[in-house]
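Take a look at the structures below.
Paired with chain B in one complex and with chain C in the other, chain A is shared by the two complexes that follow.
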Partner chain A sequence: MSSALAVDRAFAVIAFKRRLAYKTQWLVGLVLGGGAMLVSMAMWRELLSGGALSGYDWDAMRAYVIIGFITATMVFGAADWQIADRILDGHVAVDLTKPVDFQRARAAEFVGSMCSTIPTVAVGVAGAWLLFDPPGPASATAGVLTAASLVLVFPLAFGITYLTVLVCFWTKRYLGVMWLREALLAFFSGMMIPLAFMPSWLQAVAWALPFPHFTTTPSAIYLGHVDTAGALGLLAAEAAWAAGLWFGARLVFNHAVKKVTVHGG
Partner chain B sequence: MADPTRALTARHVGGVYGRSLLAQIRAITEYPADFWVMASAGVMWNVLQFAFLTVLFAAVPDVAGWRYHEMLMLSGLLTVAAGSTALLCDGIWSTGTYVLKGEIDYRITRPAPVVVQVATSHIGMQGFGETAFGLVMVVYGWIGAGLGLAAVPAGLLGVACAVVIECALITMLCAVTFWIKGNNSIFAFVMLDLQHNAMTLPLALFPAAVKIVTMFVLPVAFVNFVPVAVLTGHLGPWWLIGTPLAAVASVLAALGVYRLGLRSYDSSGH
Partner chain C sequence: MPILEARSLTKTFRRPDKASGFKGAVKHLVQRKYKNYTAVDGIDLSIEPGESVAYVGPNGAGKSTTVKLLTGILRPSEGTVRVMGRDPHTERIANAHDIGVLFGQRTQLWWDLPVEESLKLLKHMYGVSDADYQARIAKFDELLDLGEFMPALARTLSLGQRMRADLACALIHAPKMVYLDEPTIGLDISVKDRLRAFLRELVDDGTTLLLTSHDLADIEEVCERIVVIDKGAIAYDGPIQQLKAHYITTKAVHLILEGPADVPALAGKFPDYEWAAGESPSEVVVTYESNRFTTAEVLGGLTSQLAPRDLSLSEPSIEDVIRRLYAGELTK
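Our next item is the complex of A and B:
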């Protein structure tokens, strides 16, 4: 293993262990994510009792809601605050003196913290499977490609999160920035309501953003709403967004870092 | 005849509360970027909740018998209540941090109730956007649902009680950090999050246990569901009596739990 990869792994492992140390986080994540999932199930069971709506019947919606739970837990459970705090309290000045790439180190930490949500996801999905018995993937290929789209959520989530965290170079607080990002992500990803329910112009807006790849892409592949070629196209778009955000963030950081202030100094 | 000492105390407490909040407002205007980001964030969640309902009701005529404008009122009233807590007592979320760091100490020595001092130690800038947009949702839903001016007194009572209940319940659950120590007021946070998920939908969707808990154990149903259900005819008018009763019970419970918490407070390092 090259030294750079060893450093990445060390950052990821430390972030993973740090998150696991706070075991109540698991429980809170499970209660919040599980609660949202149960409420969503209750609403859709009522609405879909009369038949399918916008291409979703009760079977498909059960799988859709569970996939939404998985991606929401992974994304909202990651340690974005730690990056923001380093900028807000000025630790970024120390980071800049270290012989590691700031963005790459934060990415490794972020992925490590996302991995720490896996126990919550596993327990939540197991419970949901027992309670709601959702249908399996449309095909074995669809299952594999769904897994691939979920793996791509890691760099995509980091890209979006990191770009928004960089706003802290200009603001003194992170909470509002985080809420804005989470609100847009929840709506335009399809976590709140599938994009298929939206009017065509709003769907076009959503697909012009990276957010649909958090829920709509994996669930469309899983449910067979797209064929293999379509699934590969979605995965390519998801990967392109991840890469674009990575390099875009570098440009923003190079500009933002000139704004470093330490405790108001 | 009113007890003059008591009146003076109430005036004093009110004065401390008002001056502390004004100081917080002056402080946040020093950081205009933060103010606008937070206020926009508060609005954005509610704009998207509005959009969610609009998109949903383009596909369905009702949810468990509740129509579009009624659901807007449901979401709007909860938003007003939650936004108001950010404006009126956002500092209460810091109770856990103050307990951990022993920062309750000097508040105990000052001549004003600790709960008032803690509640006004911060102001949630998102509250401006949330409250304003929540009121827009309520008014838009009100007009769309065909409610007339005759229902305005009941509506105002509902809004006032919603704000009081929400502030009280959050205060009570934040006070849990006197015993279960931690920076984050997890119980209050979980309540607020579940409330935003479940209480923006008709209670008929959920099992009986949920209805019992939300009405009689932790009376979050009286924040938005009961008042809106009464106004729109989903519940009988006598249910409205429960709203001020729930407000009084919530305030007494909050003050009682906070007082018990202060009694068990032993500063930091013990």
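Our next item is the complex of A and C:
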């Protein structure tokens, strides 16, 4: 392993351990995430009892809700507060004295903290599988491409989260920024309701943003709502968003770092 | 060639100019006004390899801002900095490999993990080999008793333990240039003594040190050179001994007499000295100019004529000199 990758790994492992240091938080995440999934399942079973709506029947919706649970747990369970707090309380000054790329180090930490949600995801998905027996992927290829889409959620989630955290350099507050991001993400990703249920103009707005790739893209691929070429196109768009956000964040950081004031000790 | 060189270093911040009270808050919301505040004002500083420099000044003088400029955290508004030939802000990562930084008020430990985990992460960051890491940890353990709290979570450490662990974090990669910003703040005297002994050893080994502290004992025990900063500008820069020799021109004798001291009568009898009452009725403090009188002749005269029960000698501390420098009583 090259030394740069060893540093990334070390940051990721530290972030993973920090998340696991708080076992109650892990349990609360499982209970809340699992509870939300159960409520969602009950609601959709009732709504779809009369037949399919906007292309989703009860079979498809079971898989959709489970994919939504996976991405929501991964994204909302990552430790964005830790980065924001360091900027707000001035600890960013200490980070800037270290011989590491600030963004890359935060990305490694973010991935480490996202990985800490894997036990929650595994338990939640296993429970959901036993309770609801969702259908498998539309094809083996769809299964592989769904997994690729879920992997791309890592850099995509980091890009969006990191960019919103950097806003703290200007706002000096994080809570409102975080609420706005989470509301937009939950709504436009399709985590709350599938985009197919929205009017076409709102769907167009959603697809002009990176958010649908969190839930709609992996579930559309999994359920076979797009063919292989369509799936590859969605993956390319998802990867392009991840890359665009990465380089966009670099520009923002280069500007934001000039805002470091850190008065006093 | 200097290891660190700053020329006309200036940092100006923009601060909200807001009137107090509700009216001021509303007015600022509608019509925002800002004032420029110069924290560091045209500083010239040059440090040679192996020097130990104290950087002192009153609260808000610009000490910490200077350290942040020198370490590359802040970008200067004007002027230049070169550390080992590099611009520490634009070449931040390369510069960070060669410097160690400790901010007494900000820990670099990961709060919810054992100290050992933080040090291991830093080992990876700086690319320290296993052998060097083990050797340095052993040395830190010997000098700072690090081993006793290596497995402890950082948030459970006492302030003294936390500072010792932070010092190890700042030095794990054997940096050539070390910046310590208030390293003994809040520590008890025994931990301070230990840290100072450790820092002296560091300087003896050839590490270049820039130390900011409000504790002047840190400075006297660790540093050879002192830079006094006030209102963002340098008020004095030179050897500590020279500062003392130049500005400490008086000495004092504390006499305990057999009976109550009659200060006006004594002042009349010895008009060349300054006389003041001491802490008890029988104590009197005699101040004399050390460049006019030798201690032997002062003591000889006083003891032969007053036959004191006890006596002690004192000279103004560096703290008194710096206090007078801050107050503008002394000039460069």
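Rule of thumb we're sticking to: the second predicted complex is superposed on the first by the 262 of 265 C-alpha atoms of A that agree within 3 Å, B and C clash if a C-alpha of one lies under 4 Å from a C-alpha of the other, contacts with A are read in each partner's own complex, and residues count from 1 in each chain.
Note that a contact is a pair of C-beta atoms (placed from the backbone, for glycine too) under 8 Å apart; a residue touches a chain by one contact, two chains touch by 3 or more.
All values reported here derive from a predicted model rather than from experimental measurement.
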item: Partner chain(s) touched by A:3 [first = chain B, second = chain C, both, neither]; value: second
item: First (chain B), second (chain C), both or neither touched by A:35; value: first
item: Which superposed partner A:11 touches (first chain B, second chain C, both, neither); value: second
item: Dominant toucher of chain A (residue count), chain B or chain C; value: B
item: First, second, both or neither for A:247, with chain B first and chain C second; value: neither
item: Which of chain B and chain C A:198 touches, first, second, both or neither; value: first
item: Which of chain B and chain C A:172 touches, first, second, both or neither; value: first
item: Residues of chain A that lie at the interface with chain B and also at the interface with chain C; value: none
item: Touching residues on chain A, where the partner in the complex is chain C; value: 3, 6-7, 10-11, 14, 17-18, 21-22, 90-91, 93-94, 96-101, 257-258, 260-265
item: Partner chain A, residues of chain C touching it in the complex; value: 13, 39, 64-65, 68, 71-75, 92-94, 96-97, 99, 101, 103-108, 110, 112-113, 117, 120-122, 124-127, 181-182, 185
item: Residues of chain A defined as touching chain B within the complex; value: 24, 28, 31-32, 35-36, 39-40, 42-43, 46-47, 53-54, 167, 170-173, 175-180, 183-184, 186-187, 192-193, 197-199, 202
item: Residues on chain B engaged by chain A in the complex (per definition of touch); value: 31, 33-34, 37-42, 44-45, 48, 51-52, 55-56, 58-60, 63-64, 125-126, 182, 186, 189-190, 193-194, 197-198, 201, 205-206
